[in-house]
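We just call them A, B, C and D in the order they show up, numbering each chain from 1.
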């Protein structure tokens, strides 16, 4: 299982704050493409985090069982 | 009458916080020389102020009746 | 394990809380200079409508991780005695304080740059999200400008 | 006539006074950023003896004049909403706060530099004098370092 978390403006589009998916050997890139195909997030500048770290290069990252992926809208702290 | 004010480490040497002198046509330079001859202020870096403004060039400044001269030790605010 | 400090405060940061933080540092006899940054919610006007509050949420696990990195970073880069960061969560009314950065050092030289640096790192690197709520209950998602 | 503000406070500046100053700015809905500098008396050690307090005096007429110049200067140079300067007079114990600079602005960009600038101007241009008092009642005259 992979946990996907949604925040702020994104959680509003997905209408949920998290969901779990079966890994079934998908790559990180495929998981992200799947999220983007299921939800209309084109108007929001997105960042992705894997296990609390911002993902810089999607291609190079492997994902493992129980990983946590977060879809993050622009930061607005302060 | 000219009022001369002393502060901090300088008031300690002069043993008073102010004194008045007769002007009798002395120049600012002469008044300052007189102060320095009467008190041992050599070990303290001094500034002079005339009517609350730091004196940059002693020679060029005229003094008038009721002026206030201040003898100031290093500033230590903050 | 990095030490996780209590950073997030439910609701506004009160002036009394700030006073208590200051008072706690008065036993530290080697501190000569404090610098404090406070973020206050502005009643900005957007297309004729006024912001009345910001509702803050965060990705807590990542935010705490990032904040402890920012902390370590600041202590490495600047000669600081103490450093504290607090951020509000929940609905913060216009005029209320939502962000408090508190830097202390022996001498003043570095405190300004340290504060500015920490504030900017929190704004750019910490996953905090804000919903600007207007008078008529409409809202827009806040985006930090640089 | 320049407006002379109440700058000098007899005794230490309390955290409660700072909290009240902050609270007074919470009705100003266009302020987004505050920056506060606090000077705290350090228990420095000089030749084995500890400073227990600083006794501050000033040349009040000139100090007020200079402080209002610094004020005007800061408002001309930086985009500020509010600005306050307070300095203690009398005997301030180690650990107590003797200097409080409070700068507020719509956005944060300029507040750090404004605060630093104001602090430096107060230290170099305002005739305030300090006597560092040691444990054994001996003392030395303080000189600001830059």
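Keep in mind that, in the parts below, a residue touches a chain if its C-beta (ideal position, glycine included) is under 8 Å from a C-beta of that chain, and two chains touch if they have at least 3 such contacts.
All values reported here derive from a predicted model rather than from experimental measurement.
Farthest from chain D, judged by the mean position of CA atoms in each chain, is A.
Centre-to-centre, using mean CA coordinates, chain A is 73 Å away from chain B. As a whole-number value, the distance joining the C-alpha centres of chain C and chain D reads 23 Å.
In whole angstrom, the spacing between the mean C-alpha positions of chain B and chain D is 26. Between chain B and chain C, the centres computed from C-alpha atoms are 49 Å apart.
Counting partners per residue, chain C has 39, 108, 119 as the residues that reach two or more other chains. Of all residues in chain A, those touching 2 or more other chains are 78, listed in ascending order.
Interfaces, counted as pairs of touching chains, are A-C, B-D, C-D.
Across the complex, chain D is touched by residues 15-16, 18-20, 22-23, 25-43, 94-97, 106, 108, 111-113, 115-116, 119 of chain C. The part of chain B that touches chain D in the complex is made up of residues 5, 7-9, 49, 52-53, 68, 70, 72-78. Chain contact summary for the complex, chain C toward chain A: residues 39, 56-59, 61-62, 65, 87, 98-99, 119, 122-131, 141-144.
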